[in-house]
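This structure is in structure tokens; I'll ask about it shortly.
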Amino acid sequence: VPLLDAAGVTAFVESVWPGAFEAYEVVDVGDRTARVKLRYHDRMLRPGGTVSGPSLMALADTAMWAAVLGAVGPVAMTVTTHLDIDFLRFVGSHDVVADARLLKLGRRLAVGDVLMTADGASEPCARASLTYSIPPDAAPGAS
Amino acid sequence: VPLLDAAGVTAFVESVWPGAFEAYEVVDVGDRTARVKLRYHDRMLRPGGTVSGPSLMALADTAMWAAVLGAVGPVAMTVTTHLDIDFLRFVGSHDVVADARLLKLGRRLAVGDVLMTADGASEPCARASLTYSIPPDAAPGAS
Amino acid sequence: VPLLDAAGVTAFVESVWPGAFEAYEVVDVGDRTARVKLRYHDRMLRPGGTVSGPSLMALADTAMWAAVLGAVGPVAMTVTTHLDIDFLRFVGSHDVVADARLLKLGRRLAVGDVLMTADGASEPCARASLTYSIPPDAAPGAS
Amino acid sequence: VPLLDAAGVTAFVESVWPGAFEAYEVVDVGDRTARVKLRYHDRMLRPGGTVSGPSLMALADTAMWAAVLGAVGPVAMTVTTHLDIDFLRFVGSHDVVADARLLKLGRRLAVGDVLMTADGASEPCARASLTYSIPPDAAPGAS
């Protein structure tokens, strides 16, 4: 059971960073997992008519942040230290759903990966892996 | 259904690169997936008494290669162009099982990820993502 | 000598994607290199008062794109297939300069890395490596 | 000035891990940099007649380790937590020189990159970036 569920993550982020989740919907937060939807907007397009790379990168970061918040509770200042992303398929002008899972939640680092799929597609449009640095006193868990 | 199953992948690799799979067992090859086991040997240890990073990297590469061979058939000269790996937990002196899945099988590139778990452990010891370049005429498939 | 210099890259991008470089200044394009500056704006901030990760990711992508355009000429539809980024230090509210260099310019793929430094800082704030897919007929060069 | 020079790094590694550098020559250790040479041996070959990916990965790891040891002194148990590598060109059967530079040396993490070039080649055969976890009490230094 996560320390924060989808509503808890959304409320916490809104309290510390109003508007930060304007483009996102936290669909679900589970046991070291989170599902976050990017709501399509024209400003996310790049030439060729597809959601831009930075928009997908920001989505991956947001989904992993939701999973971390669910697991460690309301800690504002986790910091992304590393992101690796493969762009697999064009998205077009669609919402994109990201599924994040934490693979390690240590005292100092959290590592996880994210799979992103455009609304209605059967194959993923991108994958990412991320590392978060967790400030001292924030993590409940073991290494 | 893969073009080569576990026995087919093993036989093909043995025919083109005898001894290459000496340390490995191809446990299963499925639809764009492969499970490969690294059989522990003392020469894989590094100080601290754990299977070395390069051994895990080679395992990830081998598991993804098995998945690619299953999907595209007996093509010797696929080339790894990119590998990203996170080391999550010490392995100790154990076998390690790698589960690879292809996320994209294009005409020119294949992209996938691999989760590795030490024998008997409940949490993964490493994750990796890889890109393979596929030579012209090798890929049967789609985008 | 690049096929497009800084003014040429800027003019080409403005012609195919008006406004795309609004936040950027292409400072220099050399032999398989490019220097691009991100002009700081408050909307790039994230909590903690520093330029956001996605803003740095977009900068890295832009700098590498400038280096690729300089090397292959005015080709609109190169596609970023992979990005790996390490966030090293907080930027604060400053401009950021990115130095990109192409390490390989093949017929199908271009690979390079980018070092980013906040204005006035002595140490880099981020590093990235990227892979671009180059469409057929676009690349002048060898594999 | 590094805390350990090339001879110091070599002697330290030999004392804690005899034989670990059998395949390597630490050519130089500078201010947060190291140059390490992989001495070619037939067992490093893979089909196609080129030095294998895992051999290059191990070289990158070794070169970064040498740079870290130079910067933090004789600390055995630094741990590689992340490695990202792009394979750019075939090596053939040649020695390979790796140039590592530390981009960040924090209290807990060290991040750097490595450029690898086959003996006699003018262009790099691979690039890598790595993250090391530094145990408490090991790091002398700064942020």
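Should a chain be cited, it is by its letter among A, B, C and D, assigned in written order, with residues numbered from 1 in that chain.
The criterion applied here is as follows: contacts are C-beta pairs under 8 Å (C-beta built on N, C-alpha and C of every residue); 3 or more make two chains touch, one makes a residue touch a chain.
These numbers were taken from a predicted model, which means no experiment stands behind them.
S.K.: Could you let me know which interface, B-C or B-D, is made of more C-beta pairs in contact?
M.R.: B-D
S.K.: What pair in A-C, A-B or A-D shares over half of its contact pairs, by residue number, with C-D?
M.R.: A-B
S.K.: Would you mind pulling out the distance in Å between where the CA atoms of chain B average out and where those of chain D do?
M.R.: A distance of 24 Å separates the two centres.
S.K.: On a C-alpha centroid basis, what's the spacing between chain A and chain B, in Å?
M.R.: Computed from C-alpha means, the inter-chain centre distance equals 27 Å.
S.K.: So, what's the distance in Å between the C-alpha centres of chain C and chain B?
M.R.: 33
S.K.: Out of chain A, which residues touch more than one other chain, so two or more?
M.R.: Those would be 81-82, 84, 86, 131.
S.K.: For chain A, which residues count as touching chain D in their complex?
M.R.: Result: residues 81-82, 84, 108-109, 131, 133 of chain A touch chain D.
S.K.: How about chain C: which of its residues touch chain D in the complex?
M.R.: For this pair, the touching residues of chain C are 84, 86, 88-89, 103-104, 111, 113, 115, 123-124, 127, 129, 131.
S.K.: Could you list, by residue number, the parts of chain C that touch chain A in their complex?
M.R.: My answer: residues 16-17, 20, 46-48, 53-55, 57-58, 61, 76-77, 79-87.
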